[in-house]
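In the two assemblies presented below, chain A is common to both, partnered first by chain B and then by chain C.
Then we have the complex of A and B:
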């Protein structure tokens, strides 16, 4: 700033310049605003339209679902589809509460264990110095560079060999070691000042004590984020690869079975689509600020 | 890590390992599982890719046989590979640029509009099976939204059976995939952009940055470089793994394999035919493609702003 003043500009000229820029934001032309805003609106409509259709379809009575020309917006909203869904749910062979319980167990244990394991490993990787730390972390980064489909077949063999096929554990245990969680946790922990840890050590806290009383409370946004990401993964998993018993299958599976019933169940299927999409979106809405706070530290430095 | 002095390297390695006892204990639960469910599977997959394993007879070592068959004899694999590359080359960079572009525009907003726009763009990627709505949009008779709309506007006279017409399959799948692709990378960009020090922009304006495009290139992008690298990893991995969208919209097998990708091909051989050796070779090729592309793009991105 001082540069301009030295170039023979008076202070009043300088402040004039600052104020005129600030009235409209710095470096923002009207044409550019219009262009980008227009683009945003067009793409925003494209993004949101299918979601709007899901909501409207869920509220449509049957005669509106099969109608030509098709209408996006519902004329006579009804909760018929949801009542249909409840009737179908209460008639299922395995009580529907069982599917809900399965989903709660799998995503509950999967999420809690993942947050705990990943934080416990992220702390020494961030704040301790020991041989192999770099190697381990670069392996985790490497694991984010390929998707789980690559390891699916050997994973199946390993889970069979461990004897946990067709149990909840087959879904829960692998999910504890996802790479993204450890990565985000470690990047977030980097910003905890070392002095905080030092002073806790001087007060006589052991490493587990430091972890539990100093680190964990300070990374709350990160564990909320991990929990949400993990929940989204487990929520959308039908478990069809590992779970064979009907009594173990999650809600996602049961809902898809209902939705697969063809034209006769088009209404209930629309209600299913609504429920399956609404739950993760609601979770994200509630935790949006924590998630964004965690993602600020997500950068890959090397 | 950089804040602390580097470990005392005059000490012997064994002594340093012994000192790290607590650290290793804390790492143990995560990395034991990581080893069992990530490292070991990759190694197993690479090992079996050189054999004829089929789950019931003993695997026989056949060297590069599976790979030779994949590359030279299997036309279906070449189709799948070609489709996957088209997918990756289009959806990877396009979704990456879209993530960045929208995050950048959203960054101009504050408060409620900002939260709403973030949700609108991010929601499709987290709503699980919500993309099945495209089945209804693309329904092949006149009750489908797209057909109905186009017929009303008189663009077409007859309903188009979108997912059963070879030339539409891949483009339509790409559009749906793009709709789904503003995920973790997008969030990282939004978060990264909001932390940029505002005084950088003021200093830049005084130093001669004239418009938002210069500002983007000279100030914004270099400032979020770590997020750019992270976002690239997320988008690239995702763009090579396309399978579910294809299976659920185009069916399996799709018309003349127009929607087949390496992953659907892999599921076909591993999950249905139990040709584990062959499937492992496919998985290893996919692994190489994903990791190789990621490493290459990381190298390129280091140069941003320089």
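Then we have the complex of A and C:
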């Protein structure tokens, strides 16, 4: 693209020339576009299919659930499965809404606390150099490499030594200091220019002010990502390790119990699967749209 | 407050920094470092759990690295499982990174109907979540009604006319002197496409967040200077997201390790065979191996990473 401006050529002529060249060279052909579009549609269909399946299953009457060969789309949609579910659960020991509430408390508190703790810790780690920062960070990385499914015994010992066994806290507190959040927040905060922080300090902002008014708005995509991630992790937790009382158990556990009921409970199970999938998806969609709408302007004129 | 005034400014800053880090660090040391230390101790000793000779709970007896010797010289599948999980991880890594970067670039563009496209192509983020995948599995199990052999038959009869003769293409590629390693890699990649898609959810979000935080002024400048979109990608977009490529590599390694065979093996050893010491060894050795891989990959990437500060 090395086109020299020739003498006597006006700038607009030159620009026109370049534009025409570019137009010829870089536009894709129509067939290419169609091909790409087709590929994307195929990929998209595969991604949507499981969710379509969940929604349709939840609406199927029993004879359609067990129809063979199986069909994805529902013929005669009913809300029978949901009423079945509520009847089933209202006869049970703990009402269904209690399971939903438990899951919401655990996921909500866990996610909020995690995002806050991780970003609070990530700010000084990135922007101040204080003794022990490097050690802490490498320990966090190391901890991320560790498989936590295997450490259930030590975890249980710690939780029961703290006396928070069989409470919500047993689920919430450990999630606050999970290593991945710190790592993610630190990586994003490194992108914020130091001069932005300095200028805030010159304007008289304290450390907390800098953190809350400068850092957090600038890394909004990061902490929304983290929130999505942590919410899903907590949402999927059955809590069978720490929560013994039936009133404290989350929705995921309830679903396993219902699904274990076999064919008689198939409709109710499909309805639970729908509820279980719908809430994190809604949460995700809300967060995702605001990730994409953040327009970060660096706030600097240099 | 009065005492604070006696401190010098740097010390005061250090103190504030310390206060900020405190909640995270306290929890981290308490819940995570503590567990790692216990696991290391377990790996080095003969562990008995339950009530035995006046022991309540758990007792550990030092046993001269016996667990390590057993793991490396006696256990039937440990070394195989370890190598295969690490290899799988290394194969998936570039695929996931490329796929997620590509998806993020696609989703970050402005085109007609992009709200729908975004909603659809963000789905891997959700599909990867354990709760959802469990719900999907259940839906699938309901649909085939637990009679999977029959449904497999149906699938076979449906697909009979449309299957592509893969062997023929492989033969052709082999004749074209494409090295077998490459062919195997491509076959592996195609076979894994579902894994790659479901495993690249968070990475896509991270990349999109990164693309969002690139200052629009940079693109404006490039446009004024007459850069083509190809040049803009390599000179602006790629360098600006490169720190987060490292992040994503780390995340991918962590994530695929958490789902790998070796973790299942150590879990089974501990909770099915009740061999706590041996299971601890498995998980420690594999963690160290993953750390080494991460150090290597990180070192390779960090030389090409661009930090815009």
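Note that the second predicted complex is superposed on the first by the 237 of 302 C-alpha atoms of A that agree within 3 Å, B and C clash if a C-alpha of one lies under 4 Å from a C-alpha of the other, contacts with A are read in each partner's own complex, and residues count from 1 in each chain.
Simple rule for what comes next: a contact is a pair of C-beta atoms (placed from the backbone, for glycine too) under 8 Å apart; a residue touches a chain by one contact, two chains touch by 3 or more.
Computed from a prediction, not measured in an experiment: that's the story for all the values here.
In the superposition on chain A, contact is made by A:188 with chain C only, not with chain B. After overlaying the two complexes on the shared chain, residue contacts for A:222 are found with chain C alone; chain B is out of touch.
Once chain A of one complex is fitted onto chain A of the other, the partner contacts of A:32 are limited to chain B, with no touch recorded for chain C.
In the superposition on chain A, contact of A:235 is made with both chain B and chain C.
When the two complexes are overlaid on their common chain A, residue A:126 makes contact with chain B while staying clear of chain C. In the superposition on chain A, no contact is made by A:111 with either chain B or chain C. Residues 1, 18, 26, 40, 43-44, 46-48, 50-51, 53-54, 57, 66, 68-70, 72, 117-118, 120-121, 123-125, 128, 130-131, 136, 139-147, 149-155, 157-158, 162, 173-174, 176-177, 179-180, 182, 190, 194, 207, 211, 229, 232, 235-236, 252, 259, 273, 276-277, 280-281, 284-285, 288, 291-292, 294-296, 298 of chain A touch chain B in one complex and chain C in the other. Looking at the complex, you find that chain A touches chain B at residues 1, 3-4, 18, 21, 25-29, 32, 36-37, 39-40, 43-44, 46-48, 50-51, 53-54, 57, 66-70, 72, 117-118, 120-121, 123-126, 128-131, 133, 136, 139-147, 149-155, 157-158, 162, 173-174, 176-177, 179-180, 182, 190, 194, 207-208, 211, 229, 232, 235-236, 252, 256, 259, 273, 276-277, 280-281, 284-285, 288, 291-296, 298-302.
Within the complex, the chain B residues that touch chain A are 1, 3-4, 6-7, 13, 16-17, 19-20, 22-24, 26-27, 29-31, 33-34, 36-42, 44-45, 48, 98, 101-102, 105, 108, 115, 117-124, 126-134, 136-137, 142-145, 148-149, 151-152, 179, 182, 184, 187-188, 190-192, 194-195, 201-203, 205-207, 209-215, 224-227, 229-230, 233-234, 236-238, 240-241, 243, 263, 266-267, 270-271, 276, 279-280, 283, 286-287, 290-291, 294-295, 298.
Residues of chain C that touch chain A in their complex: 13-14, 16-18, 20-21, 23-28, 30-36, 38-39, 42, 49, 57-58, 107-108, 117-127, 129-132, 134-136, 138-140, 142-145, 147, 150-151, 154, 197, 202, 205-206, 208-210, 212-213, 215-217, 226, 228-230, 243-244, 246-247, 250-251, 253-254, 257-258, 263, 266-267, 270-271, 276, 279-280, 282-283, 286-287, 290-291, 294, 307-309.
Those residues of chain A lying in contact with chain C across their complex are 1, 18, 22, 26, 40, 43-44, 46-48, 50-51, 53-54, 57, 65-66, 68-70, 72, 117-118, 120-121, 123-125, 128, 130-131, 136, 139-155, 157-158, 162, 173-174, 176-180, 182-184, 187-188, 190-191, 193-194, 207, 211, 218-219, 221-222, 224-225, 228-229, 232-233, 235-236, 252, 255, 259, 266, 269-270, 273-274, 276-277, 280-281, 284-285, 288, 291-292, 294-298.
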